[in-house]
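Take a look at these structures.
Below, chain A partners chain B and then partners chain C, in two separate complexes.
So, the complex of A and B:
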């Protein structure tokens, strides 16, 4: 349903960007303003162009994790839930860290480094250190995007280690900031509508980094270990404390199903969901607020070793009330996935089997057979639900105003 | 004639034997002793998938940065320089792994169709 109104130009021009009309996948009411621009200098008439303004509808999501911890996989799953593939901006800097899809824009907070690689080496400071990041610029630009104003965001080139000329970022419907410090600065934290922290335990982190780096000639087991050890103090001091502010924490631990497991292939994943967050209803198993332990393998479902174990219950996390849904083990077959999905409640899925369908769509992504992929997909659905509720409340408010 | 052909046949055989000797010996030992696979060829029981390394420039940079980090840390293990050097190694490793992922997915038809979805080769009929 498109409501078309003709406005005179002046004030609206500054906050809106001119673009070709695009189809919205989610079918939301998108205000489309048809402009007829009156130019005073020339007599030639400008053709009507459709200008779409997000007009301060942008929902800002923050995602925090150490590097090498699955942020990019999470981003691809998240953008897939919203529809459309996220790609780097066309025609721009090829080393840009930004991903843009129809509804979502994802920026990497490394772009707000105040010191480039050489600068950090000179000062003896890691990228994890707040002194290497420009939080004032981060706050201003995220605030601008949230209120519907496009910004020129710097680019940190990971290949060269230099800060490149800025790129234009237009306010999207959903704006995701991912990086090391989305929740570090209190002002930026206030702007976030939802925040997620990926907490990977040391053993699992070590195993994943080995998998990632062993193919490189320059690396050896010792160098990978040394790299993790050297970064640990800064990580514990600056990055880890952010998990107390997150609305959802995905904690990845080694499995408890296999005694003395050191392969790190089977994982125990805990989805810690804060209670009392606006527009966010935690996922639960069987009965909200009670403590459940569930092994789905049995008569109706046969699983191969080591099987699957779920548990759910209320807990306290850094002084907050939280609900924790935990999965240990891995999925081997489609029917295990759909069986588990059918027993969970409050998933915010639009149809039966949506989580399974999303998991199958990206069966080649890492974590597609265990709790990491499963919970990332569920968090994606929760974010979609949060977005729809925010939009509904915003369109509901002006109607209320007109009634009164 | 026979002598000439005899000579020409034998010399390549000799050459062929020299070079792949080392490779063959490793391969044969793996085939002959399959139970040794996990202990000899896997480090600490981790399953390592053989993946091609990142593009040349990045791999070189990574190898250099590991060396300079080891040097910086040999002097003082807790100094800022040591930590910053290992952080650089981490950053380059992440970049190398992204580059490897990008290289993997370069199917020429897919990349062409991303830019030109309306051409005949790229049309899809979903319903």
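So, the complex of A and C:
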């Protein structure tokens, strides 16, 4: 049985409007609909608050990655670029996966699991399997948000493994859908204004899981290996192929600066940026479109072993023309960071040193001394720029100049 | 028996002065002396013309290289940078090795051979051997020129193998001594304001000799090999070690762009520039003091196979701190040349595209499509800059700004 809620929205074209929920069957004018198809047996709670919604120019960003691969850190960096901290919805389900800041709402696509933990176990499917996920609902709700219509999004409770009653999601300026499958369904993919894939190599993933699951959670090395092996077929079948659709891919690999390194502490990170994406101008190093390698450590900048090495150049990625910026090694000190930032172009920063400032602000986040944090911050700036360009193109307003 | 000529110079501190030659014995006031010690049995002719001399602020440049390694091409490029074509002295010995332009006089140090071809054969020494060269005379005459005093320089006749009567050399603005031993004698070395060593690798030297001696002069491959082998011990003992003293070394190597290339047509050329040399600021690519590799061919610039690759970075060369700029590959078209030039800094050009203009002007010179011609032209600009800075420092005049 499908349960749905209709909000009689008074004015979808104004920045804000007030509406009151009334129960009804699923209507057909999706511009005025927020629906939640229940496909599990879990009970639902209805939101009772009066809600507001924005003007229907929500920019939608997709972020794909495997679990435990730094999506949440990325999201915290992203929302920070827009100003204001991201927090769970106030007064809602304490196990909500949603993060809300002034401008940005981040939802976790695990919330669209159609099978809860027990259901998956019964049917013998993993959470990676599309059959455990409700892409119809994902599509309909992302579409609604993009059109300025609030939705009642289910909550997958990672603690209990159950599907909890839904929470109300109002259209923000920037709507980020992060999870395993943001680019899996062609209809959802079409709704994305920008998409990112975090591609953690198996070696690094293994090192990270050992760090987290063995050191912090007391799992055995064998069980970690087994868990990775068990996920691999579905990961390769359903998650990994999405990277071909991403506008930006952050690839995390072992360093090449230390011969035969297998510690996984020093990382080589590649930011793969698709060419020809509207409102997105790839970052470059020194000379756009040429091939460059750069070791900034030298006469002006001294670095400790193993140093830092950047590379930049055009490549082909799944048949697409891309520009790739690579950083191998890690930052030890502030001056290294600002030195590197000052030699990159098309950063979309609003002032000199903005990337460095953001990195310092969140020095405690994982990856703040290497390419993962650096490139995540840069992607944050690029998304802000993209958002501002989209808004400007809609309103015809002149855009605030961004620093190259 | 030593024969010498004294010129009674009227004013060494004015830009020009008139003097008349009178035969005499060797005097002791070197400021007013031009001398020519005859150590061979060849007869001498005396110059009869009235001569002029400059003000004693001649800048002296040394250029070392093996025979047949492009010194004369380099000299033609250098004098061209200063404007005006370099020509042999008018009305003199048609076999003179000297080239004179408005600003520059280039002499060949073979003229200081103390043994002629027969003499060397008799004593069993090569022209590379210091014993076949008169370093005392070389030192005294270079010192005289540097002090603004004309000299009577002997002429080694490469056609006859004899030492011909001397020719008069007046102090120019820039005095270049090129040959096998400009940095061999410590006293001569001390007189140099700037020194350059053309370091042609054995592979390339062999390929060039085959081209010249086999294709153009009909020598056999065996005789070329034998000739190179015969020169090698003396070359290694007396010529090669001079490169440690050079302010700039142009190293010519086989390409690394074509795997296992042995044609010697595509070259990898390295411009090794000593740090801390007064009036000489090394050229750099993008970021001074860091390590960079750059393939300019890409989205903006298309190149034919095997393309062009630049490298830049700090290195140590015979214990000296140096900056090395490397070019592998060759230019096919004008736009490649100007594109590369526009991305280099500290070129000491006076206008945008000056290196390219010089290269085009002498497109028929050997090496005009690769790093040998490119770096020779750049070194020409650097020497002009050095000269202007030295003159400015002496006169206290403000220096015309040079483009970075």
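Definition applied: the second predicted complex is superposed on the first by the 339 of 404 C-alpha atoms of A that agree within 3 Å, B and C clash if a C-alpha of one lies under 4 Å from a C-alpha of the other, contacts with A are read in each partner's own complex, and residues count from 1 in each chain.
What we mean here is this: a residue touches a chain if its C-beta (ideal position, glycine included) is under 8 Å from a C-beta of that chain, and two chains touch if they have at least 3 such contacts.
From a predicted model like this one, the values you see are computed outputs, not experimental measurements.
Novice: One more residue to check, A:158. First (chain B), second (chain C), both or neither?
Specialist: A:158 contacts chain B only, not chain C.
Novice: Go through the superposed model and pick first if A:343 touches only chain B, second if only chain C, both, or neither.
Specialist: second
Novice: With both complexes superposed on chain A, which partner does A:213 reach: first (chain B), second (chain C), both or neither?
Specialist: In the superposition, A:213 touches chain B alone.
Novice: I'd like to know which partner A:299 touches here: chain B for first, chain C for second, both or neither.
Specialist: The second partner, chain C, only.
Novice: Any idea whether chain B or chain C touches more of chain A?
Specialist: Touching more residues of chain A than the other partner does is B.
Novice: For A:262, is the partner it touches chain B (first), chain C (second), both, or none of the two (neither)?
Specialist: First partner only, chain B.
Novice: On the A-aligned overlay, A:287 touches which partner chain: chain B = first, chain C = second, or both, or neither?
Specialist: The answer is second: A:287 touches chain C but not chain B.
Novice: Between chain B and chain C, whom does A:223 touch in the aligned arrangement: first, second, both, or neither?
Specialist: first
Novice: Do chain B and chain C land on any of the same chain A residues, and which?
Specialist: none
Novice: Please give the residue numbers of chain C that touch chain A in the complex, ascending.
Specialist: 286-301, 313-314, 343
Novice: Across the complex, what residues on chain B touch chain A?
Specialist: 43-54, 58-59, 62-67, 69-70, 73, 79-91, 93-98, 100, 114
Novice: Provide the residue numbers of chain A that touch chain B in the complex, in ascending order.
Specialist: 67-68, 72, 87, 117, 120-121, 123-128, 158-159, 161, 207, 209-219, 221, 223, 226-227, 230-231, 233-234, 262-265
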